[in-house]
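The structure that follows is given in the form of structure tokens.
First chain written, first letter: the chains are A, B and C, and each begins at residue 1.
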Amino acid sequence: MLERIQFQTTKDGVIPLTDQIKECVEKSGVKSGILCAFITHTTAALTVNSFWDPLGHEDIQDEIRRLIPTRVDFKHQHDTPEDAAGHVKCTLIGPSMSFIIDDGKLLLGHSQGIYFLEFDGPRNRECYVKIVPE
Amino acid sequence: MLERIQFQTTKDGVIPLTDQIKECVEKSGVKSGILCAFITHTTAALTVNSFWDPLGHEDIQDEIRRLIPTRVDFKHQHDTPEDAAGHVKCTLIGPSMSFIIDDGKLLLGHSQGIYFLEFDGPRNRECYVKIVPE
Amino acid sequence: MLERIQFQTTKDGVIPLTDQIKECVEKSGVKSGILCAFITHTTAALTVNSFWDPLGHEDIQDEIRRLIPTRVDFKHQHDTPEDAAGHVKCTLIGPSMSFIIDDGKLLLGHSQGIYFLEFDGPRNRECYVKIVPE
């Protein structure tokens, strides 16, 4: 089984994927195993962080933008300077993440949520999910 | 099987988990497979790095603090500025890591160790381990 | 099955591993599963990024060098300042990455390639690959 989660992003948006990924686990019927979430994009990333304060998500994008500012003198000329910065951000955070399934549920801490970080957008994006049982 | 490794951290500490994770592999009896290590916290991360020079671990935390300094003007107000910085550091390094098991052993380079990076603390923390055989 | 991909790097080089990892999938005969790619080094990392513009790879290494400059006052004294910086870069990007195998193929976006990032070099390096079927 391969699940594809499709969604629309906003510019530099932070999109929650926790519920959709939990649904993939439920649908699979797998009681124990490893789940791989993978995005097929190069100007975005996957992360896990706290869902308590949505303003914290803005801080994350703010800090990533501060670390890798969009500038006009990137060597990469294939597309825009913003995309060039987005590629670097993608390498920094990463497009792949592994999770544990136990007792038929996705193992997450009490404050953890799974998020898609958009470094471009608005765009149509997707996240793939594959589960391997123990 | 789900293994839970529990430990106490110090402020901004670097806690070695290599031996405990190797024990999980041994205990599982799995000869070949993939291991997922996952922490359920949002102000900490997992990493693999050299164990030769403990001062190198201080450099890692120093550099992460330099990249994401604790500041009073984060938008995140749910808890302290230090926690707000910790959340960003968590996204930067990540709470999940996959390893290869081969010939009944955890595959690691001759200088690689597995470490828990505390971005808060001192706290009681835990790392979960799930193994899926080939 | 454990596959080992061996290669030679240049100083701060970006080495494509996509074709070799695709070959591992083909050779395994696995139709659906998860692949773990793992490097056994502490001054290098694995990433996925766009293959369209090779100059983008230079930007990635440039930006990582800008974020973690080589400096003489690292606490780590076991080897050179360049290696000390390389260890921090290794933690920032990471030595492990999980991929999805579906329909007998490695799942990658139309512009995604898998790359080894050298933070030292030139050196002989290797990447291990383990596949677990669904």
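The rule we apply is simple: a residue touches a chain if its C-beta (ideal position, glycine included) is under 8 Å from a C-beta of that chain, and two chains touch if they have at least 3 such contacts.
Remember, predicted model here, so these are calculated numbers, not experimental data.
**Q** Give me the superposition rotation angle from chain A to chain B, based on Cα atoms, as a multiple of 5 degrees.
**A** Angle of the fitting rotation, chain A to chain B: 120 degrees.
**Q** If more than half of the interface residue numbers appear on both sides, call it same; otherwise different. Which is it for chain A and chain C?
**A** Homomeric contact, different residues on each side for the most part.
**Q** CA centre of chain A versus CA centre of chain C: separation in Å?
**A** Here chain A and chain C have centroids separated by 19 Å.
**Q** Show the residues in chain C shared as contacts by 2 or more other chains, in ascending order.
**A** 34, 67, 92, 94, 97-98, 132-133
**Q** Help me check something: in the complex, which residues belonging to chain C touch chain B?
**A** 1-2, 34, 36, 38-42, 67-68, 74-79, 84, 87-88, 90-92, 94-98, 128, 130-133
**Q** What part of chain B is in contact with chain C in the complex they form?
**A** Interface residues on the chain B side: 32-34, 47-50, 52-53, 55-56, 58-60, 62-64, 67, 92-94, 97-103, 107-112, 117, 132-134.
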